[in-house]
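Below are two complexes that have chain A in common, paired first with chain B and then with chain C.
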Partner chain A sequence: MHIIIYGIINSITLSLISLGFTLVYSISRVPNFAHGALYILSGYLVWLFINKFAGFPYPFAIIASIGLTAIVGALIYRFILIRIRGMEISEIIATYAIGLAILEGLRWGGLRGGTFTLPTFAAGSVNLFDVSVDYQRLIIVGVGILTFVLLYAFTRYTKVGLALRGIAQDERAAMMLGINSDMTAIVSLAIGSALAGFAAVLLLPLGNIVVEAGYNVLIFAIAVCVIGGLGSWGGTIVASFVIGFAQILTEAFISTHYQMVVALLAIIVTLLVKPSGIFGKQKELEERV
Partner chain B sequence: MRRLVFFIAIFMFIVFSAPLPSVAAEKPIVIGAPLATAFLYGWDAERGIKLAVEEINKAGGVNVGGKKRPFAVEVIDTRDLEPGVPVSEALLGVEKLILEKKADFLIGGPVRSEAALAAMDLLNKYKKISILTTGVLTPAYHKKITDNYDKYKYCFRNTSHVGVMMNEFITMLEDLRKTHGFDKAAVMVQDVAHARAGGEAMKNGLTGKGWKVSDVKIYPTGTTDYSVGLNDSAKFGAQILFIWMDMPESAVLLKQWSDMKLKSLPVGFVCAAEQPGFWKASAGRGEYLIVNLVNGGNAPAKITPWTMKFSDAYKKKWGLEPEGYGTSSSYMAVYQLKDGIEKAGSTDTEAVIKGLENSDIMGVYGRMRFDKKSHQIIPSLDPKEGAVTGIIQWQQGNRVQVFPPKAAAGKVLLPPWMK
Partner chain C sequence: MEQMRKERIDRGLKVRTEGLYAISSYREILYLMGPRLLLIVGVLALPFIFELAPYWKRVINIMFVYALLALSFDFLANYVGLVCLGGAFLTGVGGYFSAIYNVYLSFPTYLAIPCATITGAAFCTLCLIPCLPLRGVYFAIVTLMYPLLFTRIIEALNILGGTNGITGVDGFTNQHVEHYVIILVVIGFLFGMRRFVNQDIGLVLRGVKDNDQSVRASGIDVTRMKVLAVFIASLIGCFGGAYMAHLYMWAGISLFALDFSIIPIASVVIGGGGTLVGAVIGSFILVPLSEVLRAFGTFRIVIYCIILTGFIVFKSEGLMIYMQRKYHQFERWVKV
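Up next, the complex of A and B:
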């Protein structure tokens, strides 16, 4: 039972980390390598609001931080990525450089040591089927599932969401129907960054805000997206569960030592067996052509 | 009137531009500090060094053969604790301090063991004396000096190492066994060389004393879920949870331990829990954790009369208590160097080596003297005999020294759910 409960928690954690990266790639085809940096930036902003501005309520700090992170994402596209759109290598280099600048800038600015933490939404734990689980992790599971549902509804039942899907499916056809490609990409970067920020405010209260976590988040987001199929939402969720459970099973039956190796091994196996990922249909078509 | 103003101006110019007969007139002795300044073990060492230099200069400087000379500090960021940064980066930093910054002596790092071991050859090449004060817990450092004294005689270390720390931990746990009847331990370590070695040594040491010890759980750097290992430790019936981690994510482990209310006492080398801000950052869930700060004085304590004097001075200058491993040792290294230079009567390398070998001062964490063959600080459980450790327990938001008994300010407390 422990494996099932913590496997689900681990999987939803990975999904939350990866959703923003997937969304940006699926719509704008920009591999946002600044994703991990935006995750840490958002967490740090919340910390700043509640620690440096006395009396700033925690919920408002969260909303303000996610909003600011979304703006940063939009600005990254508007002022940098728009000039190199379509040049994939340049996009990777540019986003990675932006990520480095943000993370190392935060380190330089004082984000050092293990004392930067966010309060949990609820302290304490509960026994589920004789397995102790803290409330924060239960909240992560609940909010994570709700996020998937809301995102699904957003992309299917709202005008903006449908425009995003239109661009993701066929950019030229969507443009012929009057959908502004650049504006859609800006919106996708903003939402993707907001999702990174959202994941940060949910997950960072479990530990602490450290620059190194930004690099780890990026590695896991890429691992999930490569295995699930770049740009595939369903693939992201399935891959999160594959990696999440593989890690817990490895920890329980082999050794804790190999947890990280499992994720990286899964990337190699996926690239060898199905380079487009589990649900990477569009990429698969391109490969066939 | 204008003439009067003119003469006053000339007079002021002469007064302020004339060389002062003070310490500042002499050529400073440059201390190069190669440190990973973005990490606790780097920035706290830098602060310790700067505090000592300020105190010494204020008191007149170093007496070098009758002339008072001030210290000056040049710090360089070796980045050797950052993931993915090669050892060569730290070596370049050391070389830059020696060649460009004209450092006369080195104090501090490199901080990562691999980098410090590699830097020993550089110190030999440039005949520069270094006192290692932070990071680097490997016994290989002083073993290299013992094995090849002529080549590595320039290297000194005034901080503890894994071999000593293991014995201290085992002695402390044996005390707990006598008091509370504990005899089962679980070991959780980070996947880095010093932690793996520490975990294995701890397992072997405790098993040798008759303890039942679970398999060592090794966690990759960056792990954010320890539930499986913690559950296993509970099933095993561990009363001691021995942790050896220098990654910030170890705070997650402690939060999970606290939330799960495991009937085990966490003990170990936990970098994330060293700093004064840890208790607040963990929302009090680090309460009862026992941490080895490697050297005494890295938290307020009453080890020697100098300990609290140092702690208060540090707080006055930097606005917070001594922060963790590397603070007191880096501070003391400057005083040891001063003593060594004064004994030598010059800054000549060979003379200062002899001066340091004969240096014997009662410092912040006990009697401080180097072993003449290994240049390793001589440890002891009695501050009158040697350098003592700083094993503290978080009690109501304070870091209370609980070991060794001769330097302890309080007793080990158990979480209420363990009673």
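Up next, the complex of A and C:
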């Protein structure tokens, strides 16, 4: 029972982390290697708002930091990525460089050691089937599922969401119908960054804000996306359950050190067996040479 | 209003040196040989120039290691189309292999380095093979993960000396050998790669980058070409790592440090992608800069990243291509 409950929690965590990455990739085809950096940036901003500007209420700090992260994402696209759109090598290098600049800049700016923590939303824990689960993790599961539903609704029933899907499916046809490709890319990067920030706000109260977590988040996000099929949303969620349970099982039966190894092994097996991922059907021909 | 535009015309000298006339006079020969000789002589003289500054002599060695890594990145990115975000993976593997040969199997230094270079390159290629049949960002993703993964594995399992690393690696016999091993290897690889990419096989590799379907249609196995290219690039990188293990007489997880991934990329972008020489020159600029900025700690990486992004966005051709243009052409303003 312990494995099932914590497996579900871990899976939802992973899918929250990777939703932003997959959204940006599926819409604007930019592999956002700054994803982990935006995650940490958002957590750090919340910490700043709470501790440096005294009397800032917690919910307001959260909203402000998610908003700021979204703006950062939009600015990255508007001023940097827009000029190198379509040049794959430059896109990868530029996003990677931006991510490193943010992470190492934060480390230089004093984000070191274990002193940076966020308060949990609700203290205490509850027993579910004889397994003790704290409220924060329950909130993560609830909010995570709510996020999936809202995102699904957003992309199916709103004009902006439909425009995003249009660009993702066929950029030229969408442009002919009057959808501004750059504008949607900016929106997608903003939403992707906001999702990264949102995940940070939910998950970081469980631990410390450390720079290394930025790299881990990036790697787990990428692992989930590759296994689910780059750019496929359903695949992302399924894949995060696969990796989430695999991790909890290795943790229970082998050792906690192997979490990263599991992610990488999963990537390699996926690339060998089915490179387009679990749900990446339409790209099967495109990705394999 | 009168509008002007800039016109670029090849220098007469350049046109003359393209054919047989290249050997017609000393001027033509010098025009062709000058820049190459300047680089080779300058590089060979570096240890003597810094004879009185022992600290900077150490920096020179490291600078050449970065030059090797940059060369390997430039070759992979601009001739084969594979973006390697983990140069640290190559140095780490090369360094650890060399330390294992030297310490555990007690190979002498000059046997351990070549053995480590070859086995390390084979190991790296083997690790990267799963993502080679694929197009797109997979290669970048996997190379990004490997250095972090190996650091974790070594820390967690406490193998290969754990966090302390493998100590007691033999150093070089004397200082001149130490300098000239790496300098000669850099020169060798630089001019060797320049030749290599202009052979038929280089053309095929560029075909892999630009249009892999046409390469496949010509009956050439794309994956095999990529494996070959990755092996060559890993050879270059692993040599750098193996050399470094012997230079520091130590192999530890700092061989997987982020610097080895980001500085070569920055060097290539600044020096000019696709020129190979540019990669080396870029690292000659960036590594001394990094030593000057040592006091800032991790802020150095921020500075590189900003320079890197700036160059990519505003001056994507890089210094080397700019200088080549100035050398071969003159510019003038003409009326439209």
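Operating definition for what follows: the second predicted complex is superposed on the first by the 282 of 289 C-alpha atoms of A that agree within 3 Å, B and C clash if a C-alpha of one lies under 4 Å from a C-alpha of the other, contacts with A are read in each partner's own complex, and residues count from 1 in each chain.
Here, a contact is a pair of C-beta atoms (placed from the backbone, for glycine too) under 8 Å apart; a residue touches a chain by one contact, two chains touch by 3 or more.
Computed from a predicted model, the values in this text were never measured in an experiment.
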- Considering only the touch criterion stated at the top, classify A:92 as touching first (chain B), second (chain C), both, or neither. second
- If you stack the two complexes on chain A, which partner ends up touching A:226: first (chain B), second (chain C), both, or neither? second
- Message: With both complexes overlaid on chain A, does A:268 touch chain B (first), chain C (second), both or neither?
- Response: second
- Message: Quick one: is A:215 in contact with chain B, with chain C, with both, or with neither? Answer first, second, both or neither.
- Response: both
- Between chain B (first) and chain C (second), which, if any, makes contact with A:101: first, second, both or neither? second
- After lining up the shared chain so the two structures overlap, which partner does A:120 touch, if you call chain B first and chain C second: first, second, both or neither? first
- Message: Going by the contact rule set out at the top, does A:171 touch chain B (first), chain C (second), both, or neither?
- Response: neither
- Should A:260 be classified as contacting the first partner (chain B), the second (chain C), both, or neither? both
- Query: Can A:132 be said to touch chain B (first), chain C (second), both, or neither?
  - Reply: first
- Which chain A residues come up in both lists, the one for chain B and the one for chain C? 107-108, 215, 255, 257, 260-261
- Item | Complex contacts: residues of chain B adjacent to chain A | 38-40, 43, 83, 191, 217-225, 227-229, 231, 247-249, 251-252, 255-256, 259-261, 271-273, 275, 277-278, 280-283
- Task: Spell out the residues on chain A that touch chain B in their complex, using ranges where they run on.
- Result: 2-3, 6, 9-10, 13, 107-108, 112-117, 119-120, 123-125, 131-132, 134, 203, 206-208, 210, 212-213, 215-216, 248, 251-252, 255-257, 259-261
- Item | Residues of chain C defined as touching chain A within the complex | 77-78, 81, 83, 85, 130-131, 133-138, 140-142, 144-146, 148-149, 152-153, 155-157, 212-213, 216, 222-223, 258, 262, 265-266, 269, 273, 296-299, 301-302, 304-306, 308-309, 312-313, 316
- Query: So in the complex, which bits of chain A are touching chain C?
  - Reply: 31, 33, 79-80, 83-84, 88-90, 92-94, 96-98, 100-101, 104-105, 107-108, 215, 218-219, 222-223, 226, 230, 255, 257-258, 260-261, 263-264, 267-268, 271-272, 275, 286-289
